[in-house]
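Scrolling down, you'll hit the structures one after another.
You will see two complexes here that share chain A, one where it goes with chain B and one where it goes with chain C.
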Partner chain A sequence: MITTLTQSQILGFSNVTVRIKNEARDSRPILEAIDLQLERGETLGIVGGSGSGKSTLLRLAAGVLAPGLVLDQGEVTTVGKNLLVATQAERSNIYGSVVALVAQSIGESLTPHLTVLSHFSDTVSGDVVDERVLESLAEVGLGGEKYLYRYPHQLSGGERQRVLLALALVRSPQLLLLDEPTSALDVSIGSEVLTTIDRLQRSRGFALICVSHDLGVVSQISKRIAVMNQGRIVELGQTSQVLRSPSHEYTKALVSSIPKLDQRIRESGSQNNETVLVCRGLGIVRGQTTRAIDSLDLEIKRGEVLGIIGESGSGKSSLLSAICGLVSVTSGSLHDGDGYDLSTALQMRPREVLSSIQMVFQNPDDSLNPMRTVAQSLSRYTQATNSEVSSALLSVGLGEQFLTRRPREMSGGEKQRAAIARALLAKPRLLLLDEVTSALDVTVQAAVMKTLADLQRKLNIAMIIVSHDIALVASFVDRILVLRHGQLVEQGSVDAVTNSPRDSYTRNLLDISARRATI
Partner chain B sequence: MKTLLRLNFLKNRALIFATLGMHAFVALLAPYLRLSSTDSQDSAALLQGPSLNHWLGTDSLGRDVFSRLLHGGRPSLVIAFAATAISCLIGIVIGSVAALAGGWIDDALSRVIDFMLALPTLILLLLISSFFGQDPLILSVALGLMYASPIARVARSATQTLLARDFIRVARLQGGSRISILFGEVMPNVWRVMFTEVAMQFTWILLAFSSLSFLGLGASPPTPEWGLMIAESRSYMTLNPLLVIAPIMMLASLVLAIQALVDHE
Partner chain C sequence: MKNLARRVVFSLATFIALAVVSFVGVDALPGDGCTALLGRFGTNAKIEACRQENNLNDSVVVRLKDWSGDLVRGDLGYSIKRDEQVSKIIMPRLRNTAVMAAVAALIAFPSAIVVGLLLGRYPRKRISKAVNQFSVIAMTLPEFVIATVLWLVLSIWIPIFPGVSVMPSNASLLQLLPNVWLPALTLAVVIFAHSMRTMRASVTNVQNMPFVESARLRGTNERKMIKRHIVPAALPPVVNVVALDGAWLLTGTFVTEAAFNFQGLGRLAIDAISDRDTALILPIILFGLAVYLVSSLLADSLVRVFDPRLRSSNR
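On to the complex of A and B.
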């Protein structure tokens, strides 16, 4: 049986429940009782944390169910058809011309050995190829023939995302499904891609579903928003309505967790004149010739929190790596507060110098040895006693039960907290945080940042926090540094940088951030 | 047809474990089962078909095939285990040291690995066994050396991947020495990645030793050994096909079961 859609509707979910195959009936389903209709030409954003079921829902709209999942009950109707039971022939007719999906991973969605043009030849046939392809590439902002013969590795992240978009739109689908369209891109480039999508949607009038963990992204291109949590749609309504007056608890938490430029997470603490790090004319060269950092001057006092902002390739991670000794300094000087020369190789540094600078990395899945328990990971090199480990875990909000857990039994936020506890056990004077929350859900991010703020006040240690999110940094740090192509383009107190930015790149980031906050 | 296709034996977990269990049981307990002697010859009953006394018949010397078959895996398994252990030890140490040291040490070790990979294994084994005789110890060491290079290569790249991971960086930042990082962080994880490779190596070594026996340079008569049994009986294949089919089935089922298990995990 197929639920009948009205003439104006393009997609219908009625009472859809999806479970993991062979799992007990009382376990929590992946999707639970989803009811959703989409009008032709309508734009819908789906937002939720990881594991909320948003990607499963999006794939189901394209008639795809991941292996290991079963449709327990309900029906999915896309343009009058149940795609789940459609034959291969019917599907290949529908894909591209009626429904098109742009998958999340831009790195893997293009075939490395095919040119941009070859990617199109499967979708468009005959002599019209070149014209149609040129036309749709121009529409997504990649005008000119030069892009036709490029290979994926010759394209930037933003260009790849645009090619994928052009591929999806070349056969003029009525429904476009986007999975995290900007999560792999820098903020400014992601914002440009979203503007393009918005423009195309307005001119072509296709219906659109955009899934993202980022409320800012979905609100920029969709009139309606569905908020998902644990497999359910907990709130559905007009974007402005949902953002301004959220009714469900989860939505409230989600909206309030988004970092805002004018809302401090951490109050500035007491600083004294004890310096913990000085660098003068610092230069770092990565590989053979790439200048990652070019003549940088920097000084950090005890208890001070410094934020570094920059897009990928700006050299912000290289700077952190050089400070902690993982990357060697090419020119200039780098000293700690006692005057110890930090340009010496890691192995040559005395133990107390090593412990005085600790770093927490971006990827929670990578920061703990998968074969060890948390207690083992935390005590192995810090030589901390059991009680020290427990109290360090407690200080980052993890109870005793985590001592014996292994990374696979923990969530991303918990792993990142354990990594912070491990860094603190070395009793550092300077803690380097490299995008520590960028892989986490917004609500989890807010909680981790809160923990970091408490720890910073209690221990009065200096921190350098690197992030692409200017609002997050502005709400946490005392001083902001903006890096671009390895050079310092802006530096100052939070107020000075956010109120009167001098550099155009900083202004652009602030604009994007402000736009998101006001939607 | 569809149901037939679904009966994919290599994906049937129960079947894989049953086969492996059967092999383990037979290999460990064959001497304690009340079987006929593997060596006693019955000149009155040569090349007989299956009977109540001789379940799979007798070979050209009148020996009980069933008993020899159950004992026939033991020599190859002992040597395969020993040789795999040796190749793992050498391979993993060389591979991870190369990756960890980098620079000219890595280059030198990698060329050694390349050189070893280029050697024709079976011919070299034939040479070794004709020079040094069919001593199981020498054969294990030789097989272990021969088969260490693929393990070293996989271990090297596994270690390289691991070294780029953040928890190794943190260990370095917290003052872990190279040795403690190697044994504490790298090795346990390399081993996890290596399991598949090692299990596959084990089957290759098993087959290599049986091939040597078949060529008369592995196990020496009158030891019951599958490769040797096939070699001894192939002239009488038409009289009692079981003489050849039975040891082949044993060898094939063991190798397939191990490989299927590896695919499964």
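On to the complex of A and C.
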């Protein structure tokens, strides 16, 4: 076998094309003519939208090709070996000691019936197992013996990711492959994990490839960046170079789509004194004792856009659910603008109240019925006429051709637009948006947010937008609310909160966001 | 532990409730011990005298109280028809059925788990698919057909086992063993197919889970993969099927026992029902109830061993 690697290189892709098995030759390949070399100890970030082929590329570096895909041409060499043709035994020898891959689904990547220590004893043996394990756990920031005997379900998301890192690094591989290392984590925790990865890379000097949809993530830990779009590497260069002066159209769009704290995508409209929602001393208890929301006071005026920032467990979703009646109010009061008591359960609310408050959910795949066409989904409960449905679709940027499509024939952004159109058809006075863009690519997110800004200005409806991304919220809303563990820790106008945050937690989020934007 | 205790109490309550329902239900059927004994030749006077003698004219409540009191003391009752203590009739047959069930379980379950694991590892291979399809046939064929085929092959064409058991119900173990094989094999075919298919499907499912790939990418060798990652994760669904099948082996063997004239509990149940021997029917029903309650309790406890998420209280 011919290896194309020089002594200093650890990984080489030469003219690699990957296709779907049995698909016509003229169809677009999953990966197309990829040329890529990685030096020992080098860090590379791969960024791209969903379907860009970035994960396929990363897994190919570990010699893994998903069933249904074939290597059409080209060669992948990892430290002098073509892993794709290696036997299972040969791979077992290479994985962990030369190449290690940490997959995306950190929630399911640890074996549920094994303790942390048992995971290590798969590959670490000898007399000093416990010591070695403790050492490598400490290295990723998990100090203390208490972690040894924990099961995966007893670990938080961040702890799981750290355990996976420690497992990958315990036998000192020369190449670490990370697939979306932070996408399942809260912003501040993800940022801490990235800091850990960066520190380990510097001290151990392994080569690193990190794949993410988030330019901010990869730029934090990689010197070079490859931008992928539709199976091709469209731009490859030094991180600072790519970020400062992107040359390819797609990269430009990508960079400009990242929400920035000081760049507004919606101008504040006219507000009047008509309130659409009032809550006083609101308390929500979920389960037996969990306080999701603790004595919250809140008032929203017509035409006002309120942003709520918070991490998982902060109570932000519980608040939205209580407003639209999916979760019951435990204490305090919650009324709409006409004084209607919103602690009334969903089933008991009159039709006008129901339609006046609409919610768009995070994942359009779950909120659109896969069996129905868009027209059916949109007219079913809103009782809208055909022309109303068409004009609602048009207002979110979807043409007539979408009327007869089903969700599987649409992209994530198109599906979310349809879900927004459906909410608008009910003519709401208050629109609740729960992480509506977090499942979307950054470029798509920017377009959807623009659409929402236009709609808000035209219809002058009140909105509550919930997100983990403080920059996104700051660029869109009039007023920001920061929730933490069900408590309101900060509240004020965008300028007040972003320029002079009073709470340390808000400051931390702003720091992370600023760091991402400036790299 | 607290959870387990609660389950045990709940199972006991279920047992008591079902026992009462069974007693009242069987009592509501036409006929009792005396009509069973005297048959159609019994005159009204004779039957009445018999009832007087055996306290059958008491109200249902009184008899239920007597019966349950006896039961608590370990007295299963008395069969008027057979003029014998019920325990004396049931125990030898229970032993026979238990031996047959044990043989069937030992043949079927370990091999089903091993074969299921092998086939589940390679779900796309032709042999894997073929065996899987074939096992559907084994599962859907009536037992008497399987029994007949086995009898033809293993008793007539290749005379290894006796075709019909001609032993008394209280035969010694040594007498019993040769007669056990054919019925046990018949039952084994059915439960093998059942648990093998479950194991195969479960292994195939587990193999595609991210944690298996993740372990492989850490360099875990295949032997450890199977032993530590795949099998423990694949077993819980199989444990439930094994528990159900195990209970069926002790309580659902009417057809097979009848086919081979095997003197077991199933055969006895058929006789008791056709004789309307209510005193004998009731304990057999209760035994079936107990077996199912205990086996599902065992299965749930065993699944806890495999899955720490069910054990712990946090999250």
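Keep this in mind: the second predicted complex is superposed on the first by the 517 of 519 C-alpha atoms of A that agree within 3 Å, B and C clash if a C-alpha of one lies under 4 Å from a C-alpha of the other, contacts with A are read in each partner's own complex, and residues count from 1 in each chain.
Quick note on the criterion: contacts are C-beta pairs under 8 Å (C-beta built on N, C-alpha and C of every residue); 3 or more make two chains touch, one makes a residue touch a chain.
Predicted model, so just to flag it, every value in this text is computed and none were measured.
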{"item": "First (chain B), second (chain C), both or neither touched by A:Ile94", "value": "second"}
{"item": "Touched partner set for A:Arg457, first chain B, second chain C, both or neither", "value": "neither"}
{"item": "Touched partner set for A:Thr111, first chain B, second chain C, both or neither", "value": "second"}
{"item": "First (chain B), second (chain C), both or neither touched by A:Leu164", "value": "second"}
{"item": "Partner chain in contact with A:Asn369 - chain B first, chain C second, else both or neither", "value": "first"}
{"item": "Overlap of the chain B and chain C footprints on chain A, listed as residue numbers", "value": "none"}
{"item": "Residue ranges of chain A touching chain B (in the complex, touch as defined)", "value": "324-326, 346-347, 351, 354-355, 357-359, 361-363, 366-372, 377, 380-382, 419, 422-423, 426"}
{"item": "Chain A residues touching chain C - in the complex, by the definition given at the top", "value": "62, 64, 88-89, 91-97, 100-103, 105, 108-114, 118-119, 122-123, 151, 153-154, 164, 167-168, 171"}
{"item": "Contact footprint of chain A on chain B as seen in their complex", "value": "165-167, 169-176, 178, 180, 184-185, 188-189, 192"}
{"item": "Interfacial residue positions of chain C with respect to chain A in the complex", "value": "209-222, 224, 228-229, 232-233, 306-309, 312, 314-315"}
